[in-house]
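Shared chain: subunit A. Partners: subunit B in the first complex, subunit C in the second.
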Partner chain A sequence: MSTMTVDNTLRDRAVAAVATVDDPEIPGVSIVDLGLLETVTTTADGTVAIGLIPTFSGCPALAMIAADVEAAVTLLPEVGEVTVEWLRSPVWTIERVTDDARRTMATNLTLAVRADSGPTPCPRCDSPTVEKSEFGPSRCRAVHRCDSCLEVIEVMRDR
Partner chain B sequence: MGRTWSSMHDFEVFLHGGGMVEVDDDMPDEYRAAVFRFIELHANSELMGGLTERDWIPRTPGLRHKMAVLAKTQDEIGHGHLLYMVAADLGVKTRQEMLEDLFAGHSRFHNVFHYPARTWGDQVAICLLVDGAAVPSQKSVYKDCSYGPYKRILKRIIAEEGFHLRLGEERALRIAQGTDTQRAMFQQSIDDWWWPALRLFGPDSKPDDRLARWRLKSEKNEVMRAGWVQKFVPMLHSYGFTVPDPGLTHDPETDVWTCGPIDWGPLKKTMAMDGPDTARRIAEASAAWETTRWVRDALDAAPAGAVT
Partner chain C sequence: MTPMTPGTAEFLLAFADDEHLMGQQHTEWIGIAPFLEEDMAFASIAQDELSHAALLYAIVTDKGQGGPPDDRAIDRLAFDRNADDYRSAQIVEVACTGWAHALVRHWLYDTAEELRWSLVARSELEPLRDTAARAAREERFHVRHADGLIDVLVRTPDSAGRLAGAVNDVLPLATGLFDPVAGEAEAVEAGVTSAPFDTLLPEWTDRVRARFPDIDIGAIAAPASAGRARRHEDFAALMARMNEVRSIDPTAIW
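== the complex of A and B ==
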């Protein structure tokens, strides 16, 4: 989602407000950087409609994220009615996670994002990791182990 | 092989200087044993907690809460899985041995998992008061933790437990706005869970606590407990509930709440594996392990690459 426009339109400010909302389980990582923001529609009278997509439809944080987004956008001046909707398409994929978010997750939480092909590198030492379980503590995470530094890590996945 | 230390003194100097111990270091046996016991207790508690959550999946009211309970179950079991891996890496016991000891009643899990969760009100009280005690305890371990693999996993666990606590606060607020029957149910749950949750912090810390010296704990039990009381007494009062502590005092000058005398008898009983629900909990955990044996056997028997 691009926010690189110079004029400070309501839409831009709404996107910036959504970007202040972190994933409830990944502090320091914005839901925008995780690729959850899909659509932002504004009208002249200040109505803002936000469309989000979930990582997994069974994610328990959906209501909390939507409430946080609604609160963040409602706080903006000149904003009228705010609606937040979870969209059924497109389907979230890990390609949507920004490089910034990947770096923060790797450094702060030893949390990797599954590699497109080949083994996922360890967030600590960059060596190849091996999947130990497809099921981690969340729907969107698997458990891997690093062959080299032996670290037990979690890997964000989309399938 | 990692680093070695010639004596416990050298090792403690290293720890005192802020050094981090990693899995391949040749750490002193006493430290290895202490770290192992700590992580094993945590892993067992995540597993027992996850199984309680699981019991509530079919009974949870409303689809939204049901999704949350499903996910919380996966969280706790997932945390247990990560912790058992890290504990096993210390080479004291294998994961199999840890689980066998747990199901045989030979190893401990936290006191709060020795009590029955009878009603949805109990689940809300657990999510609020027990998770509300677990988060500061885990933060205290995380803050200055000297064992790297545990510290890094704790950071993720704390982030997720913080999410559980938010759910607990949301559920408590919702039940507080409920009918008289729902409010009475929650008051009963507060009465039943207040003291077990408070005792989770343990008795006052000893002046020369080895775990503090080895940087496996950074806050005294009594300080964390006082913080918990100060957080939850005003919260529950503001929702119109009472706290079952006749000795509770309030200093109007400082606005500080202090709990009355604490009976440690029930904590000793749970540590001796003799809590109100201990036997049933262990039997259920053991049964869950047995009924899923065929899955493990099938996975073990499958040729490499056959299961993805």
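== the complex of A and C ==
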């Protein structure tokens, strides 16, 4: 969503509106860049149906995110009924997080994303980090420590 | 035959009731778990269970169509039925007497739950199959959480003794999870679930013995009959706590 082109179709405007919604726990990072947006369906008479997928079933922010998305899309001109639904599938995976989001999280929040294989690099100094606890401040985060710069790192994970 | 028969609904209700009450019970440790991080971790797991319950209740309320959930209808199933209409196992109804009990129950329950989701991973009921795919990943995490704590606690005589006491207290109720539920045979026939849950009792038993090798747990008996038809004596108090805030204003929007 970083290179936005001017496009007047309702669907594209709806996607752009959803992209203005940040994750309430990760300010500055859009839920679209986190890979939560799955489907956008529009009709000629202006109805918009948004399908989102949660990181985890137990994420406490789901209701807030859905309300924010509905409000953002409803503000668009020429929009009729707006529905927002949390979908049962697919399962959210860490690959859905965009490179843009990873950079913002690393720079602004010292928040890393778990590496597919091998140790997760430190968002500050790029050295390998060591997991200290699988159980971080929220369902989608573990706690690591960087043995090089000694920073305690929160690491987003999908399982 | 459509998979969503009355028997399937009964089968799903039992699963949903277990998830719902287990989640509610876990939330009672918010603020009083043994350490701060545990507060967060256990509350997160509770939220997963409550969400699984809502997803299962939703399949019942919209008859397997997989449409948007009707929150009011889900709440009516979750909170407004008579005690006799619940299908929960007594393990999720009993009030735990301390942290050791809560932890042992968490391990026993989630180990069973992980097996339970595996039975519906290829369900003919699409919303259930989709829910299972997500829940299975989450259950692995829940079991690792319980395992991590138990791994540490078994190393000191005091906590190992408390765990052993808790296992002996909780295990007889936990076997009730495998009680045949109404509608299960029909759900198996319709392809909603691949086999009766009690076919996995031996696998669960093996895992229990491997987890607690030093505890003399004796024979793990086949479930006492009709466990799910009768509410535990602690159920009424649990329902009262669950509905305490909600009953102040039943029409409130949450």
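As a working rule, the second predicted complex is superposed on the first by the 152 of 159 C-alpha atoms of A that agree within 3 Å, B and C clash if a C-alpha of one lies under 4 Å from a C-alpha of the other, contacts with A are read in each partner's own complex, and residues count from 1 in each chain.
Following the convention adopted for this analysis, a residue touches a chain if its C-beta (ideal position, glycine included) is under 8 Å from a C-beta of that chain, and two chains touch if they have at least 3 such contacts.
All values derive from a computational prediction rather than experimental measurement.
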Fit-or-clash call for subunit B and subunit C when the two complexes are aligned on subunit A: clash
Partner chain(s) touched by A:Glu25 [first = subunit B, second = subunit C, both, neither]: first
Larger contact residue set on subunit A - subunit B or subunit C: B
Which superposed partner A:Ala61 touches (first subunit B, second subunit C, both, neither): first
Touching partner for A:Arg159 - first (subunit B), second (subunit C), both, neither: second
Subunit B versus subunit C as contact partner of A:Glu151, first or second or both or neither: first
Partner chain in contact with A:Arg139 - subunit B first, subunit C second, else both or neither: both
Which superposed partner A:Thr110 touches (first subunit B, second subunit C, both, neither): first
First, second, both or neither for A:Ser89, with subunit B first and subunit C second: second
Candidates 110-118, 146-154 or 218-226 of subunit C: the single one with C-alpha clashes against subunit B: 146-154
Residues of subunit A that lie at the interface with subunit B and also at the interface with subunit C: 58-60, 133, 135-139
Residues of subunit A touching subunit C in the complex: 56-60, 83, 85, 88-89, 91, 133-139, 158-159
Complex contacts: residues of subunit B adjacent to subunit A: 22-24, 64, 67-68, 70-72, 74-79, 81-82, 85-86, 89, 149, 152-153, 155-157, 159-160, 162-163, 166-167, 170
Touching residues (chain side subunit A, partner subunit B) in the complex: 24-27, 58-61, 63-64, 108-111, 132-133, 135-139, 141, 143, 145, 149-152, 154
In the complex, subunit C residues that touch subunit A: 37-38, 40-41, 44-52, 55, 66, 68, 127, 130-131, 133-135, 137-138, 140-141, 144-145, 148
